[in-house]
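Residue numbering begins at 1 within each chain, and the chains themselves are lettered A, B, C and D in the order written.
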């Protein structure tokens, strides 16, 4: 089964190369999907191996798939599939000149994340995480507008500075491991209990590494790049970043936590992660109250969920299965939401919540899924986020972290109310009569946006005000047609199947005791969870 | 597989079928097909609940991917009772929906979420552990939230109602979640059996109790968590409002029962005082707001707050008396609380269905524009009238029986063998009686107003004039509901006995039937056989009727085209008293509590200061709790939200400083 | 045996009060007329009114519903029920129907509601006005009524009125205890308000600013009006009878015997009529309170009732 | 013989590293900063080489060469090209030089305090010099926080990175070679990306002022 360790790296890499070299639009567009499938299938193969009590290794143990790695790889593949497949319609609008690089970079991004989760070496994992920054930098800046450039700059600077701090931490951990005789960065070795590691170094190294990876995980106060990058990146990329990139960083934090907990006990990182988690919830709550942009809304919601996961990590063993399930549920849901948000942005031509009204009446094709996904995101059953949140909170009280969890609940309530208000504002209600320019503008953009292969993406984000002004003098507005019946747009504006599959998966996954439950338990055991 | 397990499985299957039906059937058939399946789903709930109530056993476990204590469904007798209650309301609502759901309220979403809503409600009482309780609780919330979407495209107020409802539901949910999680943390397990081992006399248990009380109180629409009610229920179609206000609130009560009967049955006395205070305030506030409301659905919504307040008053009295060792009275108070809950379910769902029928027939919920519907919709009027009598706690209705039992428990509760049980009880019980009495008086006014203004007198608008009786399929649930109200009022004995059995073994009320089907509460020495009153009244009616017929034969009734009106000018319908004017004296009396805003605008005729052309008076009563408690918090949050934007002002230097400061802090901390 | 006796006493009460109530009204009006220097129409005039009304064709407006016919009957039946259930001539309870305080109040409320609905049904401004005021007063009276009787029930340890009266008969010291006095004052005020007497309502006015009861019956005519009037009179008589038996319980039948019943009938007649005279004299010296002052009066009596109840716990 | 010179050499190299970092904070000219960065790269390479000679490991000496090529030559060259291409805009930092230098002093003290707590068990010469690395990290961060030009921020990032490398070599003789390669590649790529973005910035805005990147906010 070891071959499944190189497939998630090699296949995307080859596909990335092909999509750059071979001038076939079909291959180019499908290559990210194929990469995701490769990662997903590899992940599933590894999961089956793990469940059969094997631990596949490769390259002299440099690549290793225990239950946690296999699970994370599967999540990367699944979320990647939803984002790339769901984003197929979107990719059609990419300027031809950059199209190849766009698809290639997504494949590289997937490979980097795969490497990060299956590497049994902190250094290699660090390099892989940094590689994700490199791969996504151009993806964030893909639209080439001043705004996307700004987002990309902030992303790269803040992201790589954060990851550099993590490197400092890793260096310290490496220094501490000299106490074992042979300096090492292997997870497997370092997570063993009872190693003669220098506690002071481990403490500092662990803290710095967690702080650094918290940047990539979007935890406050290191989260600042996240809303900008998520809102400016193309929707599938946002979905991938929010859905799995953050989770991969969390994975790193969890691994490091295992190392430090074995040496200095759980209290230190518990406090740090609790503070980080609560701060993230606070930031998300404060900035969601009056949020004006729906993609930023999703971004802040990611910060919130990462905060909850961090609190779960702080709680430790009892909450780990819930945290891991959270990763999957949040990844799939958020990828779905970002894909839909991309479509809304495309057809409405504006990221402003105020300008997107009455979607449920005007565009039920998008709004229904949007509402369902939002319900999943804010934690309604049967979707798995509900179980994760309940699991974390129950475990929190059982672990004596009632105060932290209590504060988290208060903040979650604010977030819940804000998200509901914003979602309702976007979807519910009667459409304004078609006399205002704001409604007419997207209508004017719509025909060209729907035509494949034409470069309107840049125009859409950059020139919306101009389009609005232009539309206000078109005959559509000159003729008062207040009673024009609204024809509901039932089109999904892209593949619906991946989104339905993603939501279906999150809806049922929490009820599958076998094998999901076993896998989660094993994965938690890897982290020193349930014994 | 036992019958109970089969019952729960069949509910699950029917849910799937109902969802499939809602998705697959075309619009013209949807209400009939989906409504039928929803009815069946609710009927399955009745059967399952009845089996559980009769002592059937069985357990259904829910698989879960998380390694936690097993999630199991296995309703006990109390759960069975509640399941029956919510399912009966579910049947009524579904039947009514078959006839009433049209256009928007017959959308796929509407019927799908109706099924989900019913399913969630019916299975909450079956949960035997924290997580499955919360699971079905949230399924119920999700279903009810989605149901509110029905008229979103035509009514601008739906959006704010939705937000309020979701936020307040979530607030309740978080209270419950935190409370249960605390208890589970104390007990070391999430099963209710584990939770029942907790000592209630620890501060953690008290904090958890407070959280749970607030959470369940919020679902039961208690003050100050009721603010969603007057916004939400008017937006819901009649059958949905009936299901929410008639059935869902019972889940809140069930939660509270679960806590004080099953999990922490011997709590300290102050718990009881607190529950009583919460209930008493809710009852008074609810009925005051109801009495001045002019929108029929708002009136009914606030009345729910009142009734639930009374239920909690009884519950609290039970806890308090039990803590004081006045066991018999405590048991009776508990039975009374449950009777109230049942009777409320019957009359409130009928009232809301009646309101739905009125809304359909007259297209209007504002009482000020209704009138004269009694002769136009006799069936609806009769059913609504019967239910209104129940709500006003008049004799031979279920409401009366319940309030009678509660009052009996209270006045017998403060003494055991002639000795005062405790100072708390001897102050709380008279106050409670006073609250109930005042509440009952105001309820009387409220429902006289509701029925009298809507169904009697002359129509106050063209729409009301053109109203026609609703189709048969909608009359059936109305009739069933009305029969339940009267039936439970005339023959309450068996029900009281069943309740007595359901609250065991923690509580053991000595309640038996007497006479035909009367209540004999041995513990508190109180007997009521309503049927005898009916007989007595019938006997007394005979001579009156004889005189009447004799007189009528010789002096037949004459009909005049217009009322006499004291010999004044020709009265037009809009000269009649309206709902607003009807409540005006009361608004004046309770000016300080209701704080109405009045706006009087006088237009003078020409130059004269003395000749008035027209006077425009506007008066509105807003919810004081909302304006004084919620608004400031919300405004503060809005301002904080705007302020918080500065933290994310786009400057990368600021962002870097965040990271820098975090790094410095971490460095300093690790070197400490 | 007791069952049969109780039924006989109930029948006696019914027959007695149906005859007594109009006489009571006649006496009240006559006394008042004399005190005001008028000749008066004699104490039988109410009887004659009823007979006259029964012999007239009722006139109903076109828009009115069955409530205009059923309401008056309901009011009458509820008042008759009161007469049958209250301990007026005797304290023997009917089998399975204890004269429970809460039941009595509820029975009375049925009449209140019927009257209010009749007022609304006419569809006139006066009817609605009277109904609204009537219900406002009723809503505020009910708690006082319940609390007052609750206070009285505490020494007896039961909420059954007949047993309360028996307790007072057996132990007269209870009657003049402070708790009892407080409760009786509260009860008296409540009964005045409930039966539309001064100072809450002026039974002899048709001035729109002050009307309560009269505004509601304005549209009723013929036998409808007869039922309404008779029902209201019966209620007044029965409540005065209860009040008098609570103040002066002697003479009431506790063990059935023919002589006892005759004595009981006699004493209760005297007591009710005397109380009627007192009421009438009192009303001469009272002015009708402004409508919006009425709640203050009722709040005062409510406070008295509450005081009585709590005092009975804390003092006893 | 070497062992006696070794501490002096280590001290010399680390001193050069710290000095260059502090000078970078002081100097506002971009070009000067790039030259200082180049010097710093040489100093770092020398440090690595010294450690390699001391430990007698060829691998470490190879790393020294790598460092020299990448940090001492390639990166400064790229940056210098970028800077020459633009009109010369001197930095107007957000912190005046006095305050900045004072901050540098404080940060250095903090590094010493922190390092003294961390490396209690390690009494080697190199460990004594480790605080310099930490101070460089903090100074690099300070540059990032206070500089307004894209190029200056890049330099700040590189100083930070040099600091980490210094810590790595001083505390544990560096990380394994293949990792060092990977890390260097990553850093190089990041710089290239930032370089490309700076180019785009100049295309869009005509300059590389970071302060104009404030369109995205809440």
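The working rule: contacts are C-beta pairs under 8 Å (C-beta built on N, C-alpha and C of every residue); 3 or more make two chains touch, one makes a residue touch a chain.
Values in this document were obtained by computation on a predicted structure and should not be read as measured data.
> A-B versus A-D: which has more C-beta pairs touching?
Greater number of contacting C-beta pairs: A-B.
> How many Å are there between the centre of chain A and the centre of chain D, using C-alpha atoms for each centre?
32
> From the mean C-alpha coordinate of chain A to that of chain C, what's the distance rounded to whole Å?
Each chain's C-alpha centroid was found; their separation is 76 Å.
> Suppose each chain is reduced to the average of its Cα coordinates; what separation in Å results between chain A and chain B?
Their C-alpha centroids are separated by 42 Å.
> Please tell me the distance, in whole Å, between the geometric centres of chain B and chain D computed from their C-alpha atoms.
Their C-alpha centroids are separated by 68 Å.
> What are the residue numbers in chain A that touch two or more other chains?
Residues 150, 153-154, 157, 161, 165, 200, 204, 227-228, 287, 290 of chain A touch two or more partner chains.
> Two or more other chains in contact with one residue: find those residues in chain B.
644-645, 648, 650, 652, 656, 659, 663, 667, 670-671
> Considering chain D alone, which of its residues make contact with at least two other chains?
Those would be 114, 117-118, 141, 144, 210, 213-216, 218.
> Please give all chain pairs that are in touch with each other.
Chains touch in the following pairs: A-B, A-D, B-C, B-D.
> Enumerate the contact residues on chain D facing chain A in the complex.
Going by the criterion above, the answer is residues 114, 117-121, 137, 141, 144, 150, 153, 157, 160-161, 163-164, 167-168, 171-172, 175-176, 179, 182-183, 185-186, 189-190, 193-194, 197, 200-201, 204-205, 210, 213-216, 218.
> Mind listing the chain C positions that touch chain B in their complex?
Touch residues, chain C against chain B: 14, 54-67, 69, 73, 76-77, 80-81, 84, 94-98, 100, 102-103, 106-107, 109-110, 112-113, 116-117, 120-129, 131-133, 135-136, 138-143, 145-147, 150, 153, 157-159, 206, 218-219, 222-223, 227, 291-292, 295, 302, 305-306, 309-310, 313-314, 316.
> Write out the stretch or stretches of chain D touching chain B in their complex.
Those in contact with chain B are residues 94, 110, 113-114, 116-118, 134, 138, 141-142, 144-146, 148, 210-211, 213-218.
> Give the list of chain B residues in touch with chain A in this complex.
62-68, 109, 130-131, 134-135, 138-139, 141-142, 149, 152-154, 156, 158-159, 162-163, 166-167, 170-171, 174, 177-178, 180-182, 184-185, 188, 190, 637-638, 640-642, 644-645, 647-648, 650, 652, 654-656, 658-659, 661-663, 666-667, 669-671
> Per the contact definition, I'd like the list of chain A residues that touch chain D in the complex.
121, 123-124, 126-127, 130-131, 133-134, 137-138, 141, 144, 146-147, 149-154, 156-157, 160-161, 164-165, 167-168, 171-172, 174-175, 178, 183, 185, 198, 200-201, 204, 227-228, 231-232, 287, 290-292, 296
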